[in-house]
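Letters are used for the chains, namely A, B, C and D, taken in the order the chains are written, and counting of residues starts over at 1 for each.
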Amino acid sequence: MSAVGMTDTLCRLEAMLLIRAYEETLVEFQRGGAPGTCTSVGQEACAVGVVGALESRDRILTNHRSAAHLIARGADPGRLMAEVLGRVDGYCGGRSGSLHISAKELGVVLTSTIVGGELSMAPGVALAQKMGQGEPGGITTVFFGDGAACEGIFHESLNLAVQWQLPLLFVCENNDWQAFVHRRETMPDNAIADWAAGHGLPVATVDGNDVEAVHAAALEAVAAIRADGRPRFLELVTYRLRGHFEPDDQAYVDADELARWQARDPLQSQADRLLAQGALDADEFAQLREQAAARIEAAMVFAQASAWPDPRTLTHHVYAEQGAHS
Amino acid sequence: MTRMTIEQAIHQALAEEMRRDERVFLMGEGVATKRRDLMQDFGAARVRNTPLAEAIIAGTAVGAAASGLRPVVDLLFAPFLTYAMDALVNSAGKLRYLSGGQFDFPLVALSMTGSGWCVGAQHNHNLEAMFVHAPGLKVVMPSTAADFKGLLKAAIRDDNPVLFFTDLALLHQEGEVPDGADHLVPLGQAVVRRVGADVTLVSYAKTVGVCLQAAEQLQAQGIAAEVIDLRTLKPLDETTVLRSLRKTGRLVVVTEASGLCGMAAELAALAVTRAFDALRAPVVRLTGPDAPGASSWVLEQAALPTAEAVVEAVQGMLGDAVVVREALATT
Amino acid sequence: MSAVGMTDTLCRLEAMLLIRAYEETLVEFQRGGAPGTCTSVGQEACAVGVVGALESRDRILTNHRSAAHLIARGADPGRLMAEVLGRVDGYCGGRSGSLHISAKELGVVLTSTIVGGELSMAPGVALAQKMGQGEPGGITTVFFGDGAACEGIFHESLNLAVQWQLPLLFVCENNDWQAFVHRRETMPDNAIADWAAGHGLPVATVDGNDVEAVHAAALEAVAAIRADGRPRFLELVTYRLRGHFEPDDQAYVDADELARWQARDPLQSQADRLLAQGALDADEFAQLREQAAARIEAAMVFAQASAWPDPRTLTHHVYAEQGAHS
Amino acid sequence: MTRMTIEQAIHQALAEEMRRDERVFLMGEGVATKRRDLMQDFGAARVRNTPLAEAIIAGTAVGAAASGLRPVVDLLFAPFLTYAMDALVNSAGKLRYLSGGQFDFPLVALSMTGSGWCVGAQHNHNLEAMFVHAPGLKVVMPSTAADFKGLLKAAIRDDNPVLFFTDLALLHQEGEVPDGADHLVPLGQAVVRRVGADVTLVSYAKTVGVCLQAAEQLQAQGIAAEVIDLRTLKPLDETTVLRSLRKTGRLVVVTEASGLCGMAAELAALAVTRAFDALRAPVVRLTGPDAPGASSWVLEQAALPTAEAVVEAVQGMLGDAVVVREALATT
């Protein structure tokens, strides 16, 4: 099966498979002691659904749990892995590691692993678009978690975006976890949508495990933002199927809750849908999986072959105009 | 040359740079109220009152700076920077490096501080050293009208995030400022305000005046003090300081900020690590105490380094030197 | 007229008159160059109405605009003035000045002039009450402005109070100004109540220039908090009749708007009400004014006679166990 | 004595102090998950998971501390302290003073930092100096299991706000810890980890180990290095440092933190202001660079001061001393 002629729904399945393969391969590799990552296993539909609704002139901000957003945006898994391993061919030359990967060439900018950092910078990125920087008509999308919604900057960011009418799409992936704390310990039940609604911008709450539903909602929100230049808010209800950061035994996780959500795995759901529609058969599905695995295998080879940064470059890139400041 | 207050110098710098480069814009709590003429000249899009929320003001500046604009944000009083620390320290200071140099952050964060207004420690806290300690940031704190204008213009043109501190007490002080929109003072260059061979007095902002006063008094006693105004705290002009130290062998650092891990510590460290052989006496730190700023006028005054204290410190140093010299002569 | 036998409504008028006299006297004095203050002229009904609903076991947090809260709580105007002038007989020995006056003996604790600082500490004060510190049944009241509601800490503070079920009354004095910026430039129109409502706690919006309405709403909220231990929110709609900080020419203020609110002066309204009810006559009113003026005159004499702090005490009170740390 | 990891020492200290004083309670993002046994022993009221919001966690601690409780808050990684700066710097550090001593703030803020985990500068930033610079706060950063336990217990009993930093790399390191709930290490006391007369190596946290390693290597070359572990950064134990300097006349300060306005600057300043006459060589600062922490293992390692660098610095110093001594002898 080739991407040419593939339907959009199938492409979304393919993208989710690639993300899953990437993250599971890294997890396996990390068992050997390499630095861990925050995976988005179980949340792939959020990334694929939203990012697929964006154009190249748009900007994306993400956080510690960024691999799905980056891959959905077309990032090279090899360069991502090289970054995770701290190698020169990584998107940030190995300086970032997994936690703050940005890729300007893809419009994935200013990733912060400070929870809420993305929310603090996003209005500025959107403001620059509004004030004429970048390609005309571009909008900004900021991905963040339910935990980030507890930070004060959430409130400040929403208020500024509303007040200044910024072309900014807030996407909260509500995955029920904030590291090792369940969301229910941190906020009332419908808090995220209620808080957002209090700011008076349009809010949609969507099943974050249904990539088609996410995609449809994102398309609508993006079109609306492009039409009137004002912010929109999407809450994507999903679940973190793996631990916070690898390795993590998830001993603190309620087994029933986890099982309920495992049964709603977004990849399987999308595959089931396509299988039921006859748009995919079992062989093709297996083939898609294999293609993804093969791409990620090659990526891992690339990453491991990538050189370490030269220690003599330690202080490069601290300041602009290197050399002016020693 | 035109005579103007430091407040006017700042305003001119902003106006000129906004005129020169349309990517420059200004935001903060009340900037459009306070600088109404700029708002009228450059439009409401470029001179923006903000909600009362320092974290998002600073964060927005960071995002805008990385996206092609050149924001100047007025964060009012230095203690309010505590709300903006994530944006300044973790984002502006680190994301250039962590991204492997993908982004520049040409932004200027203005804030005010300094004693003399009885406002107490939540408005008056000289915490510039915190930003010197943080990587990726530049820090400026001038003392004269000409420098305020030239350094602010240079800061706006710099591709790095710059913290620009104004000592409140200087705002209405006047000085001669070179005419023309080309007057720039490069970041990272200290200036020798007074030449002398016996002792080096290093300071910045308001306390430069204290040093100059002290130098005047010392002169009357036949002691020639060299006075260095750092102007930029980071990058620090080590060359100018070291050159002076190699000549005088004696250092008094005078700051309103607390000494502990402050600029006074940094200067003393510079001396003892890089000019040890030249040193002829213990370095003296004359700084504010390790205490919050009190509101009461008498306490506020008691916390400030005075010209008298500088004079005394220098006399102490030279006295010792004389004693030592005499002792050596008699062996 | 003596306080004995005075009705509560009359006492509230008297308290407002005392506050007004205090602030106007200080403003006059400051024309001579003394450090300025943030007055609450026009907002006296908020302070008097709410504070009168509290008991001595309750705690109050306030901010830069605190004189009304302190005087309503029974603070000695002489010691307040001494504090403003930086003298030893001030509540904080002159270290605070006007901006962060707290008076532990009155239960007015942890005043911060960092906008939002009061909101950051209030849940801790209420938590201590909930965990058995202080007299049983005490609650905490935190006063803050519409500007403070823009700070992220507003969001965090509300969420924690709701989540932890803290006995905390949030009182937002919405006076339409945030220093030199009008509220309309900073938030949507009904934002404060909407934001608070998004947190799922009971919210009441009340005419902040009607001391009886404020008092009634505060009594109700306080009783509810004492009954179930959970937070409540009052938005008091009022207006700052003077500048942000003295001196301030208010050149940036819309004259019509100001005039509209001047016509609604809370002192005059309360006096008119009492005069109309026959509970007060013009002579008595004049007498109340004179009593207030006399008390404040005496206070000013006291304050000016108070000594300056000894400069040798400069570093006292920085650390507990003075001397352990030099 | 019982052998345990530093992680265990911290946990024991928390458990013992909670048992001893019911006003002590613990809160933070995940503390009830991570310290489940404490939650079970002391109840959910005293071991509280919080919303993900550092500013209100710290602010709540400040309010609670002033109201009769003794909170310990876990703020996780040091860079997250930037969200808590107002509560820590403006409230906890200043409101005792500004209130004229009306309130005490017996609170402890825990946080972790340090290289070795490839997590990058937004988790790894040794910014302890910022809090040393701020008035009204105490700062602790131990290196051994016994000190972690004894200092954390003392910090919890202290009536001042204490920033308690843990270098991540130490967490699983083991050490002997005195038995019994009475084991306290007073704040403000450095310890001489190794006695020597030729040079003083001053450090804290992980880099104490680097100094000890270096001292071992120097020993083999006949050079006796004295190693001082500061343990508490504020209040600083100046006496112990100065006593050593008066003996050795040589100082190398080793920190993972950046040198600029850092603890290394403070120590160098201490030496040149208070022990100048005893100094026989330039002070050397061996510190992390003025750069954010990189994630890549090789860069992270390159940023760390090594035992080899310490040895080299000492050799340089003593080499010079020998040269000078010889020069003097021939005049």
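Keep in mind that, in the parts below, a residue touches a chain if its C-beta (ideal position, glycine included) is under 8 Å from a C-beta of that chain, and two chains touch if they have at least 3 such contacts.
What you are looking at is a predicted structure, and each value in this text was computed from that prediction instead of being measured.
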Chain pair with more C-beta contacts, B-C versus C-D: C-D
Chain whose average C-alpha position is farthest from chain B's own: A
Whole-Å gap between the CA centroids of chain A and chain B: 41
Centre distance in Å when chain B and chain C are each reduced to the mean of their C-alpha atoms: 37
Inter-chain centre distance, chain B versus chain D - centres from mean C-alpha coordinates, in Å: 29
Where chain B touches two or more other chains at once, by residue number: 50-51, 53, 55-56, 79, 82-83, 86, 90, 97-98, 120, 122, 135-136, 234, 289-292, 294-295
Junction residues of chain C, two or more chains touched: 93-96, 100, 112, 114, 116-117, 150-153, 156, 159, 163, 185-187, 318
Complex contacts: residues of chain B adjacent to chain A: 23, 25, 45, 48, 50-51, 53, 55-56, 58-69, 71, 86-87, 90-91, 95-106, 135-136, 138, 158-160, 188, 234-235
Chain A-touching residues of chain D, taken from the complex the two chains share: 29-30, 33-34, 49-56, 79-80, 82-83, 117-120, 122-123, 289-292, 294-299, 301-303
Partner chain D, residues of chain C touching it in the complex: 59, 61, 90-96, 100, 102-104, 109-112, 114, 116-117, 119-129, 131, 133-134, 152-153, 156-157, 159-160, 163-164, 316-321, 324-326
Touching residues (chain side chain A, partner chain D) in the complex: 35, 86-87, 93-100, 112-117, 147-148, 150-152, 178-181, 185-187, 252, 308-309, 311, 313-315, 318
Interface residues, chain D side, partner chain B - complex: 79, 82-83, 85-86, 89-90, 93-94, 97-98, 120-122, 125, 127, 129-130, 132-136, 234, 236, 257-266, 268-269, 271-274, 276-277, 279, 281-285, 289-292, 294-295
